[in-house]
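Each of the next two complexes has chain A plus one more chain, namely chain B in the first and chain C in the second.
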Partner chain A sequence: MKRVSTAAMAVLGVGTILLSACGNSVSTAEGQPVSGGTLTVSFKDDLKTLDPAIGYDTDSWSIERSIYNGLLDYKGFTTQLQPDIAAAMPVISTDGKTYTFKIRSGVKFSNGRTVTADDFKYSWERMLDPKTAGPMTGGPFWGSVHGAQDFFNGTTTSIPGFKVIDASTLEIDLDSPNQSFLNIIAMPFGSVIPKEAVSAAGSDFAHKPVGTGPFTLDKWTPGQLIVLKKNPNYFGTKPYLDEVDAQIGLAPEVAYLRVQNNQLDIAQPDLTIPSAQYIQLSSNPTWKNRILKTPNVDIYYLAMNVNMKPFDNSLVRQAFNNVVNKANLVKILNGRAVINNGIQAPPMPGYVPNYNPLGLDANGQNIQKAKDLLTQAGYNASHPFPAQDLVYTKASADSDRQAASIQQDFLQAGVTINLKGLAFNAFLDVTGKPNTTALSFNAWIQDFPDPSDFIDPILTCAAANVTANGGNVSFFCDKDADKLADQARGDINSAERLKLYQQFQDIVVTKDFPWVPMFSTVETNVSAPRVHGYQLHPVWPFVTTSIWVTGGAPSLAPAPASASASASP
Partner chain B sequence: MTAYIIRRLLWMVLVLFGVAAITFVMAFLVPGDPARLYAGTNASPAAIKIIHHQLGLDRPLWTQFGDYMWRVLHLDFGFSYRFQTPVLPAILQRFPATAELALAGVFFELIIGLPIGILSAIRPGSFWDRATMVFTFVALAAPPFWLGLIFLFVFGVLLPVLPIGGYGGGAPQYLLLPALTLGLGGAAYYARLLRASLLDILKSDYVRTAWAKGLTERQVIQKHAIPNALTVIVSQLGMDLGYFLAGVVVIESVFAWPGIGKQAVDAIFTLDIPLVMGTVLFGALLIVTANVVVDISYTFLDPRVRYS
Partner chain C sequence: MAGPRVSPWSPIWNRFREDRFAVGGGIFILLLVVIALLAPVLPIRNPNHGYYELLPANGAPLSPGGTFLLGSDPNGRDLLSRIIWGARISLFIGFVANGLALVVGVMVGALAGYLRGWFETILMRVTDIMMAFPVLLFSIAIISIIERGSVLVIVAVIALFYWTAVARIVRGQVLSLKEREFVEAGRALGGGPQHNLLHHILPHLVPIIIVYGTIGIATSISTESILSFIGIGVQAPTADWGKMVADGQDFMFVAPWLVIFPGLMILLTVLAFNLIGDGLRDALDPRARALFRGVIGGVAAGSAGLAGQRLGLDSEAEPT
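Coming up: the complex of A and B.
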């Protein structure tokens, strides 16, 4: 989904992916589904927004996904796209630049009005409008839509690339082909909303959302409770649950105690189980078998700024690639990770299993080779390698432990590392500016399951050519690799496209060495015994529609809040 | 007295201005870009630039501060970056929960701390005195977050007779543990404070005179010693109440209590500067007000105190 705050953020991992085909996801599904009942979940912090044009975090998406729909969605718990509000997959022109969608008939907003193509044009233009100040304005993902750049610049008031042919037909024109555009449309930013509801809500649509999804927002008491009720107008298969209650503000220690005492169904559904709670649950015979596990689409790596000394020397970068004991980092996460020597996460299309072109050992290191390479680079006893700061985020005890483990590894290679833990905001600030941070401990999590998402925002020249807030924190820029990325972006041949991305990976890992790829994490979560059908989704942080509950509601559940800011469709 | 109150109120304004200025500068000195956090970490530099402009962060610092202070004078604390809602209603919406917890915490401070302090002072060196002093040591040393988790585990999991955290609309069973955790540390402090104060007073001339007059122990303690010893408690109580009302961060976080303290901490981590500023100013207002009220209450508690 985005840059996350180093290793310990693995414990707070967000986007997840499911190897359903490999059967390594565990589901609690058992028995015949029954309708009715209330599911209670918790979130540590209050939700930022329920406006799909604004929300860009897993908490918001967890609830937004129950309220809204877009044209496309992922089929079941896979990464395969299928029509959602669209009547069928789009007709794509031979040049890959025009997409024509037919809208399913009879789809209604929760306010009862039928959805039309105009609603999509309105929703998307609002989402991209600088006045909305959403994260998609200015270009990421949607910048290739014809006329979008002029719209961002304020020279036009509409985007001609979104064409309403008739009430049920929408055409999208791109300036250049983009094979991940269907994944982009399927993101929550592509959700449809009714103009009249936005007007009625004034500036507060974030708290008074109206969509087409299986649930509607019944109540949101900031800092306390969010209540979703089943949407009678929902066009799809009705959810089993009548209601979803999200309790806000429960710290993980408290939330997992509640789950174990039948006072909560699912704690932090969008986040993996924190280490302390994982150890406790996995050593308890009752709960051990209820833990769901599935690979996250993420990569944790050391970024070396190729424009800063001593990392402007590729021999140094290559040496660093032989130092880190990745197996130790996996152990620190209680085994909830796998060693990764590449730039793509294991479940991503195009991922190369057992990728190890540098011939590293089972721990992912080769200390002697590192020493030799540093000697070749001109460092020896009389000219020792200068001590380096490793900048990382102090997200949890795990991140401190992992940073310390890396520090010890480098001592073996004769390199002194000073640990510099920062708050996440400060970390983003210093790593995103050119010539500011030489060595940092980073992570990247998918926005959508397409390899371009692990390259375009973090490893291209365009991403490096910024003055601040960059995602390419090694400021790596290789023109040959860039050409491959450009070619792959528009290549309509899937197999060939994946090969291009694999060639890109080879350049990064075996020629330029801007990263030390280290590991990809495994998502874990658990639910109370009365919860059935709960699964971890490959892309979405939380899916409510597959869940049903049996038995009584959690005991000692909080009484309804006295004051509430209710919002109804 | 009136002149004193007016002077104190003017000082209040000055103090609040100082707090606002310091908080504003500190908020902008913290590394990090609020627009970056608002936009999401994968947003493009172009998007972040646009959001910078929309949030008014591209204006000179002094302009932003001037605008902010002008709006504060009109009771407009601005919009939360994170939630895009007005700050003052967001604070006021959560304040009742904090106030409820603060008052209940103070209640436990008094109901536990005062009897212990009095009983220890009138029987110094006794078993009771030693036992309660051990209690005060432990209660003062125990970190509230640890104590809170222990309470949750004992009363929520082992027994279990109380809910494991949450607000429950402010229902008593939800309030009990956070209020007890909040009050226990203060109770220990009050017990020690009152014990020391009473021991001092019990050696004073007027108490000796009271004994000499043939008054009973109850009369001496109740009518002569305790009222004088309580002035020190009142002073501390006023500070505590102001401090608690400004948000009890740790307790609110451990017990998922939806008060302004937890909101402020979340705002700090997300660089939601308007919400941080608003909460700090609101808290400062409560603390300063509590101070003034305490000072004025002295004149009623101790007739010797006169302000001019």
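Coming up: the complex of A and C.
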């Protein structure tokens, strides 16, 4: 359930399906990697947490990924899972319900203690414990682990489905098979942490994290600076960088100016370049070639609350599906997006290219059809369609512009839309509560590269049956579609499984219309010339281990151009 | 002295028109008002419609001089249309908000100054309290509580804060006017407070009302621009200068015209009202007793005599 602040995107995305011409790394010769030095990045807001049981946003994950490891990780910059703290990929029983992991020997926490299977059982139970109040408690991802539901309800104090066989063997029992369970384990929620550090930190593990990762937290001055230092006890290949500094409180406009002045290495590594800065950088010959691009696995859509008037009428929802000029929204993002008429994002397995079952035009609309459907729904000159509030998040100026464009489209169909831009947290509150928001501009970005992630948390009956903080913001619940999702979740035949998800998509898009799917974005970012090896990861918001730097550290003081010139290689 | 009868306003006009800056400001505002009023019939594009199809593929705003005379914003909207329609909002809020502030301010100030006593104490303490509020912070709070983006709420909030300055000045004037012989005479002849205020004192307040009214419009317009700039004033997609500057600042390095044109309009309009206000203050200089007699007392004065007066006054009021 990772919801995205609209148009302020996270660095997630797979492969080269969309942009065969653009790599996700700078292609120019970068020379031999050198060790040492400090990388300086920036974030607009302070991080919420560095507790892997709590963090569920791209800012937190950007830094968490440098501090922690789990059993599995993605291989390089691919979506292929490989063992990380696990010695090998797990042995999975033929019924798909039992996973047996062997733990690599000699993996140490940054405090020097060796990691055992008990640490995983502890970390995961803590992560799912209602007392920890993390987002995974009661959620769909870990709910099929044997005994998890009782643990969520507080009737048991331990999860029998996490079985420690011996110090280096861990067995996980599921009640029903789940084909995306390995991806779930690889999420930062599956990170291993030492019990003694949690007790030592008291209630503040979020600010005193201890893990097994390539870096450790050296300093966190709230609202100002986070300093990571190389972890001498790291079991994997040591990172090139000695230190990663995260400057807090830089607005994107300022941050990108600093990157261009060699005063900052990477601005907001987990978000795409804002539109204004993108136009500027992409029209500058020096910076154009340093822009990294990769498709995001995300979907931006209008959610219509099927339980609220006037959207309880499916004719209205169908009409709305014919209104939005999606090409304009893509243009507002400088073309860094593709029109999407479905519910799955382009690089996701099972994605259907050029999906357009409603027969919309090239812009993704059919205004006449929309008007006809509204008439059919009983709206006419004497009984006009009631003005609707479009709730969206003002996280970026691009979302303001897109909301204005949507407003204009609806005016053409005779529907008045009032724009209600909210701060991201307020937006999550009002859209995640039943019967609160009728129409909202939403986005969903993958947690892991499996189509179930675009269905289970946001389009199932279970996800609609919440009292707050829901991901199913249209509160869509179709029993037939739900059956398909249940069936697909455990289906071992992957081709058949993808077909089931495509059938699910057909029900949503051609029968129930809870969404107006609009577009999927392309992630872009840029780094100062002294940065090498920087790549956009298809799943993780930010990866520090491939990066090395040359030349002096950037100076954050307003240095004259000549003083900062030494930072260029 | 068989010269033609001269309107009591003409000496003021004569003095005003010699102040070239004030006249320039006046012409600018006059043009602005005419264009703003004619906006619905002028052959200009819909200010709120985005011509996305005219934008290049990367969505960059169009620069001035091409399809759009003043360029477009990143939503493909015509900047010229938006500036013209934005003038309507600015002028409307400027005139109405300030008009309200004047009415309230003059009433409170005149009553406090004339009636004195506990009435004055209460009114003037309320005024002091209002003046002690940080205007912007309080406006933000009020607007957030009542209704964001409603023009009427913005008008009310601006009026709420700006009547206090008027009230203070008017009260001071009334205090001194009240002791003057003609008001005493009015009282002696049995005129009640209402009669004296309306017939003897209020006419003497006209110059002050005109001057502060004009300068107050400038203040109201800039306040409205600030409120819209920080996002709690006029809401999208309504064209508003302050909002246009706010929206354009992201693109400052790519499309500087998005900030320059609306910013310039705020600057020029506020400046113009201030210049007019200054010009009027000089023209209506309270020290020019003859002038006041001419205007307020309704005494027709010979042009020759006034010309002499005016020369003398010029050297006093306008050392330039």
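The criterion applied here is as follows: the second predicted complex is superposed on the first by the 523 of 569 C-alpha atoms of A that agree within 3 Å, B and C clash if a C-alpha of one lies under 4 Å from a C-alpha of the other, contacts with A are read in each partner's own complex, and residues count from 1 in each chain.
Quick note on the criterion: a residue touches a chain if its C-beta (ideal position, glycine included) is under 8 Å from a C-beta of that chain, and two chains touch if they have at least 3 such contacts.
Please read these numbers as outputs of a predicted model, since none were measured by experiment.
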Simultaneous placement of chain C and chain B on chain A, clash or fit: fit
Just to be sure I read the superposition right, which of the two partners does A:426 touch: chain B = first, chain C = second, or both, or neither? first
Per-residue touch tally on chain A - higher for chain B or for chain C: B
So, A:332: does it touch chain B (first), chain C (second), both, or neither? second
Taking the superposition as given, does A:89 touch the first partner, chain B, the second, chain C, both, or neither? neither
Of the partners chain B and chain C, which touch A:280 in the superposed model: first, second, both, neither? second
Touching A:222 in the superposition: chain B (first), chain C (second), both, neither? first
For A:457, select first, second, both or neither according to whether it touches chain B, chain C, the two together, or no partner. first
Taking the superposition as given, does A:253 touch the first partner, chain B, the second, chain C, both, or neither? both
Tell me which partner A:138 touches in the superposition: chain B (first), chain C (second), both or neither. first
After the superposition, pull out the minimum Cα separation from chain B to chain C in whole angstrom, please. 8
What is the shared patch of chain A, the residues that chain B and chain C both contact? 253
Which of the residues in chain A come into contact with chain C in the complex? 253, 274-280, 282-283, 325, 327-328, 331-335, 397, 400-401, 403-405, 407-408, 419
If you look only at chain A, which of its residues touch chain B in the complex? 1-4, 45-46, 48-49, 54, 56-57, 130-131, 133-140, 143, 152, 203-204, 206-207, 221-224, 247-251, 253-254, 257-258, 260-261, 263, 422-426, 428-430, 432, 447, 457, 466-471, 556, 558-563, 565
What residues on chain C touch chain A, complex-wise? 48-50, 52, 55, 57-60, 74-75, 235-237, 247, 249-254
Which of the residues in chain B end up touching chain A in this complex? 30-33, 36-51, 53-55, 82-85, 90, 93-94, 96-97, 149, 152-153, 156-157, 160, 163-171, 174, 253-258, 262-263, 266, 269-271
